[in-house]
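Letters are used for the chains, namely A, B, C and D, taken in the order the chains are written, and counting of residues starts over at 1 for each.
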Amino acid sequence: MSATVDAKTAVATDRRPGTGQRIRVGIVGATGYVGSELVRILARHPDVEIVGLTARGRSDEAVGATHPHLATTGLTIDAAAPDDVDALFLALPHGTAAGIVPDIAAAGTTIIDLGPDFRLRNPADYPRWYGFDHPVPELLDDAVYGLPELHRAELEALRTAPRAIVGSPGCYPTTTLLALAPLARAGLIGDLVVDAKSGVSGAGRDPKPDMMFGEVNESVRAYGVGGHRHVAEIEQELAWLGASAAVDNPGAAGVDFLPHLIPMTRGILAACHVRPTRPIDQAELDALYADAYDAEPFVTVVSTPPATKHVTGSNHVRVHVSADPRTGRVLAIGVLDNLVKGAAGQAVQAFNVVFGLPEASGLEQLPLAP
Amino acid sequence: MSATVDAKTAVATDRRPGTGQRIRVGIVGATGYVGSELVRILARHPDVEIVGLTARGRSDEAVGATHPHLATTGLTIDAAAPDDVDALFLALPHGTAAGIVPDIAAAGTTIIDLGPDFRLRNPADYPRWYGFDHPVPELLDDAVYGLPELHRAELEALRTAPRAIVGSPGCYPTTTLLALAPLARAGLIGDLVVDAKSGVSGAGRDPKPDMMFGEVNESVRAYGVGGHRHVAEIEQELAWLGASAAVDNPGAAGVDFLPHLIPMTRGILAACHVRPTRPIDQAELDALYADAYDAEPFVTVVSTPPATKHVTGSNHVRVHVSADPRTGRVLAIGVLDNLVKGAAGQAVQAFNVVFGLPEASGLEQLPLAP
Amino acid sequence: MSATVDAKTAVATDRRPGTGQRIRVGIVGATGYVGSELVRILARHPDVEIVGLTARGRSDEAVGATHPHLATTGLTIDAAAPDDVDALFLALPHGTAAGIVPDIAAAGTTIIDLGPDFRLRNPADYPRWYGFDHPVPELLDDAVYGLPELHRAELEALRTAPRAIVGSPGCYPTTTLLALAPLARAGLIGDLVVDAKSGVSGAGRDPKPDMMFGEVNESVRAYGVGGHRHVAEIEQELAWLGASAAVDNPGAAGVDFLPHLIPMTRGILAACHVRPTRPIDQAELDALYADAYDAEPFVTVVSTPPATKHVTGSNHVRVHVSADPRTGRVLAIGVLDNLVKGAAGQAVQAFNVVFGLPEASGLEQLPLAP
Amino acid sequence: MSATVDAKTAVATDRRPGTGQRIRVGIVGATGYVGSELVRILARHPDVEIVGLTARGRSDEAVGATHPHLATTGLTIDAAAPDDVDALFLALPHGTAAGIVPDIAAAGTTIIDLGPDFRLRNPADYPRWYGFDHPVPELLDDAVYGLPELHRAELEALRTAPRAIVGSPGCYPTTTLLALAPLARAGLIGDLVVDAKSGVSGAGRDPKPDMMFGEVNESVRAYGVGGHRHVAEIEQELAWLGASAAVDNPGAAGVDFLPHLIPMTRGILAACHVRPTRPIDQAELDALYADAYDAEPFVTVVSTPPATKHVTGSNHVRVHVSADPRTGRVLAIGVLDNLVKGAAGQAVQAFNVVFGLPEASGLEQLPLAP
């Protein structure tokens, strides 16, 4: 792709592929659940060619050995990342991508990082929330928080930027922010409790005692009490949207975010309990949310509380908002599939925007229910 | 039992059974999940004899036909309620018990009603939350809200009262109130969001489209948005405990309570997000909760967030409380088995108190995990 | 489509669509799980236009009211079947399609019937297994059993036939037959036990007490003891393939088929325990199965026992076969998604063959795991 | 207990406890699922005192740290086994108990071994099925296979034996043997396929990748193809019962046993497909099974296929048997809770028999459903 060749000399003209051209991509960290979702989606993406899958210590191993459901793709996993790609998707533990991205991005390869290393603007957030000092803090301002519904213009601008780094959002922040964005932009969030419920796939694929079927099934528990890492993203973006009062007011220095693990594999639901800054009725809420989402391809506002099953396996989001006349509060609920819109699907959506493709390309699959 | 004979002439001396005597009980509404739990517990209760199980339209039908797991009890279900019993457990749709209780209670039979008909003190709550006018509002003051941890003395007083009616609490209120009682009594609840998660057995056994396995499994959704009926009990008891500010303050006229249905059969978790009326640290919280629960046979305070699986099949409750220095909030979590401590077990616990038995009699079973 | 116009006068030349033409289809019985799967697949089928969805008593009702996950399709459900379609997919209770198909098929509309009414060749099987006399037994010889892996040539012949009726196979027969076909064709099945396990979606969407989450979860049970209806199809096709000995031998007059309901929503596994008619080793088995399936787009032979999760949401099948030197038996296992390859996906696959489309058109979606 | 003191000098008179005496027991291997079930049951056993729980590397650790549901027992786990106990329950990996049992048993302590080390009579079975040479083959004849329904007299004889070693059966063999014993004793099993389904708790508590919730949920798969270890027990006992033809006949040298892992935590169902040695009708089957089980406290014969949920959390077994006139076969189904009657409960049942206690002592708990 000539555009990319130029990009590699840091004189990118345009990442948009020529007619009939496929964008060459690699996936680093292909053995986890996010990695397998990237393969599932990108293997069927009409404008993409998967050039390489990589994971530490693998050598020409059939993808089906790790992900039996993907055996028919015929792909293999190798230790070395492909070097001749237009875009790299990184699904790595936190702190890992930050070390390898600078060189790769400087060479013109577009980076879609699904870890947290390029999500936060404030370098101080890394030692605070993730326990490491960011090695290239100067890149954080360049990187774009890859939530297209909030940062579409910035993602589009990457199409012709010399360096393109996308920090793809976490699953909880995506759910929470899409549920709250219209309220946040309107300055209506006065006090905020976010109570979230997630399936176990968000915890990854490594065997852990408390992720065994016998422990998870027929049980629910809260975790991350006192501050889940995703709070950093939620607060950053809420403040950016205009809800800084909710984030920083003296009595409530920080969002009250509590996640729960529930006995299912996929899906997140965030229930956002908002005390609005002023009285607001249902009609005004409906108008706010319609304005925000009517043109969005993946967000649907629904009048009854949605179930996660309504979006399983798809990049779709359902958002519900209601005013409660009894309590004066506003309830905003978002649901999505944590591995698709909460991870791999959203990464592909941002990738599509950066490369000038139709935003839904490769993501048209309808939800799978029941 | 001579005591009961006296009771039937409204001159009760004492409901406590004589040595070697078994209390004769009946269960009305034996075909639902709560009914089967009553059978399961009472059939093994050392001080009880089950005299009759009743359900509309059944005639001498083996209990195993409806509840195969109870087949070995050899009990049968009939249409007519036994008339010679010391106590009746009622597991009936709301509005039904209110019509039959007055006569039965007047005849001296102790009533343990597991529906809502005798839980609420204010007659106006019935049309508001349940859509019917209470037929005997004069009995509401006599009835005792059967949460022994909060109303033990009143339950004990029923032992020698001429008329004994217990309104056994709902599953969500039990969980929420036990999580919050120490804070409420100390006047510390300034603002309150209760976000609860329940297994499906709380919805009963009648076939409903959205309770089918295919709909519930791999999904979570909120329901009761805008006011679940259990709010009435929660607000009544919180106000009684001393948290009226949280319930009635101008900006927050009512508790923000949101339940969710999650893909499991048994268990409730209530996450109570509290903005305290004054700053409070962990040490003070620990002391408050230790004071409240150290002597309670069924409530254990735990330092890590509990899972519902820790109490499945038992009358146990686990409560966790933590101060969040970042947000200034307090998080209180309660978990229990909705069919045991949230229904049948709690009813038996209150029954034990009313009859002067050891409070844990018949309820010693340890939780079943995994 | 000119071909179809000709077909309607019973002078079909060719059902294959012209370049750029979309085949107009209707779905009758759109409110069940099979109906929703047909919508999910056909709405994304590149060569199809869904002209109408119908269900009794519905009138211009958004599909999302019944199937929230399909809300974004914008389709509506009506009572009347569309009359100007090239093909009708029928997802109806047994005995219903038989009454309406003759006229529709005579008018040239291709019928893909997902019920049993056109699966069985022997009219006597209908009163025996389904309790009704087939009203148009003369059509049974024309109808094609729509398992493309076994009857591809007959399906292809329908492309230019004046009348095209496909009896799309049941979920258990599909799984069993694909697991056994190579052995059956080779005359190797001497004695046969088929022990199958299915998720609950195969039982449909109507609320039934024993399909409630609380009953299904954490439980497994056999059902259909003494003869599940799908035995009829299994025996018919095994005999046709060449395993009549297994079906009709004096000591074993009929296949021993036992299904189980297990606590999951989608997926079927059939474990076929075969005593072969002569000793056979693994190498010969491998060769037999490779011959049968290497060119099949949807069937993959695997060397380790497959899990249903490997094919969820896709039209894929995994087949495993192994010789057991200890017992002298052969074990053949098949897994598939009962709503896709076991119902809607297979119907679309057969439809593709009948209309001369690429067989995998609209069915390329990869399995969804975890 | 004087009896035990005598036993320690190998001159046991009687293990039956004196009035008011509690039998002192220890549990070795207390951190797994079987260990926790032993605690759950024995902590409530009226005739038992738990003297010690042990696990490698633990020192005075509260049992609740490993098994939160047992926190209220107040027990602790230590590394060293208690030396002054009447009975030791061993829940250890195969090959471990064989090394420590000889000394302990010689000292008069009754051994209830829940692993396989003392289940098999033939020393050659250990290298064949478990990969180790049994270090004390001479003890195998003394040890009793602890299935009270089959070996009650031998267990009773241990009450006064100088050395008492019980090899407590595996979960699959218990289910299979109880389903088949009446047929086996009557010499009616001509050909046999056992197709079993189990929840995951049978695989233990160690974290394994394929036991993670995300892998198990919504999936079913066969495993142990070609010979699960439990075949050894099944064949041994079937031969002992009189079904040696099924086990050893030339055409079928060995039982065809296939287990499956299904998405639930507890429960086993074994479907036993029998071709009888002669025609048999339902009435004769009913009589055979009634004779065998009418007096058994834990086995109930049921006329409809049972679900595992009917016995969860209890020591109960449900057995169903039916003749299939169509195929001439007999289907026998057994269900039980793999951790109770399939492990800890059965061990306690055998222990009760050995110590002359009521056989159901400590095991009266009814099943927990839904």
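Basically, a residue touches a chain if its C-beta (ideal position, glycine included) is under 8 Å from a C-beta of that chain, and two chains touch if they have at least 3 such contacts.
Quick caveat, the model's predicted, so the values are computed rather than measured.
Common neighbours of subunit C and subunit D under the contact rule above are A, B. In this assembly, the chain whose C-alpha centre lies farthest from subunit B is C.
If each chain is reduced to the centroid of its CA atoms, subunit A and subunit C end up 37 Å from each other. If you average the Cα atoms of subunit A and of subunit D, the two centres end up 49 Å apart.
Between subunit A and subunit B, the centres computed from C-alpha atoms are 42 Å apart.
Counting partners per residue, subunit C has 33, 199, 201, 205, 214-215, 217-218, 263-266, 306-307, 309, 312, 370 as the residues that reach two or more other chains.
Residues of subunit B touching subunit C in their complex: 33, 199-201, 205, 207-209, 211-218, 263-265.
Subunit D makes touch with subunit B in their complex at residues 33, 36, 40, 43-44, 67-73, 201, 205, 217-218, 265-266, 300, 302, 306-307, 309-314, 316, 318, 364-370.
On subunit A, the positions that touch subunit B within their shared complex are 191, 193, 195, 197, 199, 214-215, 217-223, 225-227, 251-256, 258, 260, 262-267, 269, 271, 273, 275, 305-309, 312, 320, 322, 324-329, 331, 333, 335, 370.
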